[in-house]
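First chain A sits with chain B, and in the next complex the same chain sits with chain C.
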Partner chain A sequence: MARMKFLCDSDRCIECNACVTACKNEHEVPWGINRRRVVTIADGTPGERSISMACMHCTDAPCAAVCPTNCFYTTADAVVLHSKDLCIGCGYCFYACPFGAPQYPRVGNFGSRGKMDKCTYCSGGPEADLSEAEYVKYGANRLAEGKLPLCAEMCSTKALLAGDSDIIAQIYKERVIKRGYGSGAWGWKTAYRETVAI
Partner chain B sequence: MKTGLTIRALALVAAMMLAPLSAPLFAQQSPSGKNPTADSVNEEALFKQSPKIAGRITIPDGKAAVLEQPQGREWRGFHEGWMPWIGAFAILGMIILLGAFYFTKGRVMLEQNEHSGRKILRFNTFERFTHWMTATCFIILALTGLNYIFGKRLLMPLIGPDAFSAITQWSKYAHNFLAWPFIIGLCFMMAVWLADNIPNRVDWVWLKAGGGFFGDRHPSAGRFNAGQKIVFWVVIVGGLLMSMSGILLLFPFAALDINGMQTIQGIHAVIGVLFIAAMLAHIYIGSLGMEGAYDAMGSGEVDLAWASAHHDLWVEEQQAKTASGPQVPSRPLPAE
Partner chain C sequence: MLTKRKSGDANRTKIPAVTAGLAREGVDRRTFLRRSGLAAGGLAAIGSIELGSVKKASAAGSAVSGPDVVIKKNVCTHCSVGCTVTAEVVNGVWVGQEPSWDSPINRGTHCAKGAAIRELVHSERRLKYPMKLVDGQWQRISWDTAINEIGDKISAIREKSGADSVYWLGSAKFTNEASYLFRKLGAFWGTNSVDHQARICHSTTVAGVANTWGYGAQTNSYNDIRNAKTMIIMGGNPAEAHPISMQHVLAGKEINRANMIVIEPRFTRTAAHATEFVRIRSGTDIPVIWGMLWHIFQNGWEDKEFIRKRVYGMDDVRKEVAKWTPDEVERVTGVPGEQLKRVAEMFATQKPATLIWCMGATQHTVGTANVRAFCIACLATGNVGAPGTGANIFRGHTNVQGATDLGLDVTTLPLYYGLVEGAWKHWARVWEVEYDWLQSRFDEVPAIAGRKPRSRKENMEAPGITSTRWFDAVNLPEDQIDQRSAIKAMMIFGHGGNTVTRIPEAVKGMSKLELLVVADPHPTTFSALDARRDNTYLLPICTSLEMDGSRTASNRSLQWGEQIVKPAFESKTDYEAMYLLAKKLGFADKMFKNIKVENNVPLAEDLLREINRGGWSTGYCGQSPERLKAHMKNQAKFDLVTLRAPKDAPEVGGDYYGLPWPCWGKPEIRHPGTHILYNTNLHVKDGGSCFRARFGTERNGQTLLAEDSYSLGSELTDGYPEFTMGVLKKLGWDKDLTAEELTVITKIGGNNVDTVSWAIDLSGGIQRVCLDHGVMHYGNGKARANAWNLPDPIPVHREPIYTPRPDLVAKYPTRPDERQFRLPNIGFSVQKAAVEKNIAKDFPIILSSGRLVEYEGGGEETRSNPWLAELQQDMFVEINTADAADRGIKEGQWVWVLGAEGGAKVRVKALVTERVGRGVAWMPFHFSGWYQGADMRSHYPPGTDPIVLGESVNTVTTYGFDPVTGMQEPKATLCQIRAA
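Let's turn to the complex of A and B:
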């Protein structure tokens, strides 16, 4: 089985935010929720870099560990998913997530956050694949259709890569060798305890 | 005009042709061997500067500007590694301690000379209401709080994930909303009992005498003995710390950032289990541990002889109040 990951090549990201928009559109994500976002570091300086970030689908995911109702599970493709039926909206997963991936439909005073929502790696949830119930709760299930996440698929500069870990790491390595530089696979050390060796 | 434009266009073309020779700015691998991204930020260097990486974001959600906070893994390590052990140690430790006390020393029984048949009002209706409102809230807050740590380990395997999730959802609401009557109860407790709980010299003598647990006679005490004063201050200090940390958790990110939320959650949990352990001792001594102790908070009336033995200074004070003149006593002796 594949080990699905995201890799954002920050030397290519132009902060167009199309990945964010594509994700919102594909999954009909509720207003206020951003499953994916683009963060710009050192904005306005010559060293500025933008990184597109969503759930990294961590190895030994911290969100799953701290969940008081154990609503998370990992698929055979190593995608971290959760059940909105079991989620109680306590907010622990947001405290534990190193990447700020879990989102809540409401601000959350008095624990009124609502059911947590996050990137599903375009692979739905515990409901039957491609069912209406799955779409309403979790959005499209592109993986079940044999497609990769839309954010990476439509990235105009191919900064954002999605797919099997070995394959996207290989693509990135080839790029870095050809152009002579690369700022590395952002978040990989934190998420997977490993990075792309070049 | 037209000539000027042509000259400028020619100059531009010449400049573009010469540019690659003079300044290879856009070459992929410059002949100088310089890395064009040498100035750019990278993850490793950013983590050396600061424990988390944050930038600018174009959405209104300010906390989304934090790109990476590996402290989430540390908080997870505490919450799933240390916290269940701290909780189990504090609560089971107290239960074992109380059990050991009960089975070795037994109940503190009423003595022959502590029964007169005459009653004295110890806690009035408002005091008992305050106590039981706070106590009811505390018990529910304690159980629903422990559910966050131990529910998935102990309860979920028994009743299944769906039933457990439904219970935990209601537990969460109970925990969030019963916090307010609990806080009001704390304020009432301070209003009615603070004056009688200021530590004084009598308490020191009482503590040195071991509170009468190990001797035949009871050391002198005012309305509250030193042990009760300790319970009072544990409730007030513990309760206020729980309230303040709890309010910060109820309004997430209103006053704290992500690391602040993690820290305050840890503080709330640790003080919570210690508070529960302390209250187990209070519940024990107020019910099973001491014969007749429950009446004070149950009916509000205790036997005068018992009161004279355990709270001699208070009884003297009360009797002096009723004996000396026409003023209305604040805590009158009930009619016999």
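Let's turn to the complex of A and C:
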């Protein structure tokens, strides 16, 4: 089984937001919900870096640990998904998530937020793969079609990598060795309790 | 920037019932690996991924029986990189977008706009049917009514005020075929006032570059930047304006450990990735370049052999450069001498080096001179005509290069033939119309205000009015406008209204027009500016994605885009709209003589074939529709770096991707196109060439022909002039012409067969024979460091009209007042008045404008796209932290930006940042729909208002025009900022 991960090479990310709109395009994500976004630090000064962020599909995901309805599950490809049928919109996962991934259609307390929505690693939800019910609730299921998340596939500078952990770590390592610099696999320590050794 | 997410005004949830489980193609292991970005060499790791997903895919594929998915390829419309867009279409509906892995240009990737482009086509906010303004209210009308009324009205205006009183504004989003057709329409109508967006983005590039070495375009390609060891990006921010180019730029930086130097007034997102950032004062590009050359000449880093063999007039440059000592450069530009020395050394000695520029260089009153200085820097260091070198000019729209090439320009007919009698006769032959009939369409211009009258013939050969000044040609007293009458009607195809400086003047102009026609997918700013109550028409035109045709990317590659879906709503293609107009005006039969028209839609392929038949001057003759389609089909065959297909590849063997012009001769001779211009290390049949001998053979006793330099395998081993039949005869090569070729040449030449040149030989024989002898038919000349025909033959520094340094104006004044393009250019008087009134005291902040990654151009289209609009919801001004503190302005608050002319002001949000230096403000140019504090949303036809509106920066930009092209000055003016 593959261990699917995201890796954003912040020395390549130019904050073009292709990952954000590719996600909107693929899943018809409504206004106000951002499964992925780009965060820029030190904006406008030397040292400025941008990182594309979404659900990292953590090992031992903290969202799953706090969910009162146990709506999260991890797929064979190590993708963290959830069931919108079970979700009660309590928002606990939002507070547990170190990456700010969970999104809600409404603003409010407890169940009034609506069903949580987040990055599915383009692999849908508990419904049958590629079914209409799955599409309506979670968007497209590219993994089931043998494709990778569209955000990474369309990344303008190939900064955002998606795929099996070993492979994307290898790509990143080769890149860093070739060019002589690299600020590391951002978020990996938090999400996966490991990092890319170079 | 300010508010990335905003709750409360959530738009609409739109999950169309896309058929689930579309039977898409299965995936094999190779495809799957490629998608994860893994190149050959990493195969050891595959064991871990193959099972889960691949198995699922095949299971799904076999279980689902959905409708057929048709894959269509077109080209993204949002910049000039030329990214292939791959669309999945089901039952005529565009349901999904997939990465275009095979394109050597974008390799699957997109920026925010490209990744959101599907939305453009079914945008609910598009103009859905023709409309007209009746007493201030929009009314729906039919296409028939619209065309009839418009046709009657322009005919009446023509009758009363002449052909030149109708202005034809075209678009850089046209296909090549539509661009050509629009220029032809202008010619048949009888005016040279036919223009498009290149005027306001890179007209100065085209003029400056063409005057240096022959052709006005990017010399190399985005992909070729991968070969550079040093790259200077000056006046450009590709990370936002051309994100996909950064894939190649960063690859060059990483693979070669190349120097990446950004020279800019602003610390841009591109600068964040640079190895060196040089902050300059806006409008001082020439002193910066001369400052670099000062160090280069001082230390002998110039390429002496290259200059000796291939450059004319470099000694004249040395004299000017000598004035720019490090002290003077620092005084004028703010750049320390040591830093510039370091940059100069890298550019001259760590080769190959390339100079990349965009609108920061071109949009100035000294735009042409800037570009010339950049070219001279390349020439002095021998950085032209080889891989990794060159003037890599990043242009703005999908097809701004093609639209420029095909003559949406007030100074020329298609493909740079100019407006001289020979040019008109050439196109008359291609079009198979009488030259005399074309002439009869033009106005006679009476003598006005002491100026000479113009006969029809003279008027036919006089450049038109530039788009930057259409409203001056409405507003100014008639005696100042050098044509039969002022402009009375505007025919605007695919062109925003907020892209030109001095909007308050444009509003005045709009209100005086007798007729305004906007043909566009969106109603544009023209409908939002509250200037009119009647005689205003909106024609819904489909997006470029709903049209067949070719587009020329910045690197001169032509790509054939296929219609993804039929035009939505009641919209029509540009082709059909132009045909209907021509039919109404009574010359459709003449205009479409050799073009097949089906149901009022002219066939794009036939239009391209006609371009091929006349496109000899620029090498648009070899790119037949069949060849271009084969390229799109075989994209995967082309090399990432050389852009060339292997010789044995079927259909496209040996070709460069997109047959980058010039692609010489008839399609049958299979010239491969020219990836890198002026590369003498290749045979002319392999895309090699030399500098064009365009400016004569000798000047002041010095030769203008190359010395000891020639392209590989040339039978002539020194410089030579351009070819005519006469030259061919002298060499005895005329015997190589076939009988048919000779017949055509004889027919064109009549009694003067010897004068028939390579550019007007419709048989292609002269080109073919020259190629066979390994020579370039356009001659083998020197590039010009001294371009004696330009106002400043050697670029000299001139302060912006509104400069923050009035103390420098006496030494570096702008050019004297002159008449250009039928209008007075009173830049000198305006600058003098500004200095005398001490404008810089009341308006102490430099104002500059530029691009955001989420939006494009005037922004109507992209601001109507919710996926993009959500990311940038407010118009803003970047203001330095110190300037903000001085004024008590806090991040995110409303401020007024006050313009230096006429009390103009805009209300925008403040973005307080170190990105701009002290005393500098910057605004994006994509916004409109607010005007001087007022929200104009209600003026759009209902339902067509873009999601995000905002003030246009051009409401507060000011006077100033380049003397060569009429380029406006939005990059260096002055403003004041106050809390609102």
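By our rule, the second predicted complex is superposed on the first by the 195 of 198 C-alpha atoms of A that agree within 3 Å, B and C clash if a C-alpha of one lies under 4 Å from a C-alpha of the other, contacts with A are read in each partner's own complex, and residues count from 1 in each chain.
Definition applied: a residue touches a chain if its C-beta (ideal position, glycine included) is under 8 Å from a C-beta of that chain, and two chains touch if they have at least 3 such contacts.
Bear in mind the structure is a predicted one, so any value in this text is a computation, not a measurement.
Once the two complexes are laid over each other on the shared chain, residue contacts for A:Val66 go to chain B alone; chain C is not touched.
With both structures placed on the common chain, the touch criterion links A:Asp43 to chain B and to chain C.
By the touch criterion defined above, A:Ala22 lies against chain C but remains apart from chain B after alignment on the C-alpha atoms of chain A. With both structures placed on the common chain, the touch criterion links A:Ile51 to chain B but leaves chain C unconnected. Between chain B and chain C, C touches the greater number of residues of chain A. Residue contacts after overlaying the shared chain place A:Asp11 against chain B and chain C alike. Within the superposed three-chain model, A:Pro30 lies in touch with chain C and out of touch with chain B [touch as defined at top].
Across the two superposed structures, the residue set of chain A contacted by chain B and also by chain C is 11, 17, 32, 34, 37, 43, 46-49, 107, 179-180. Residue ranges of chain C in contact with chain A, taken from their complex: 4-7, 9-21, 24, 26-27, 31-33, 35-38, 42, 45-46, 48-49, 51-54, 56-57, 59-61, 64, 96-97, 99, 108-116, 118-119, 239-240, 243-244, 246-247, 250, 253-255, 257, 267, 269-270, 272-273, 277, 853-854, 866-868, 870-871, 878, 913-916. Those residues of chain A that touch chain B in the shared complex are 10-11, 17, 32, 34, 37-43, 46-49, 51, 53, 62, 65-71, 85-92, 94-100, 107-111, 179-181, 183-184, 186-187, 189-190.
Taken in their complex, chain A has these residues touching chain C: 1-3, 11-12, 14-22, 24-26, 28, 30-32, 34, 37, 43-50, 75-77, 105, 107, 129-132, 134-136, 140, 143-148, 150, 152-158, 161-164, 166-168, 170-171, 175, 178-180.
Against chain A, in their complex, chain B makes its touches with residues 28-29, 35-37, 39-44, 46, 53-59, 61, 63-73, 75-76, 79-80, 147-149, 151-152, 156, 161-162, 164-165, 168-169, 172-173, 175-177, 250-252, 254, 258, 261-262, 265.
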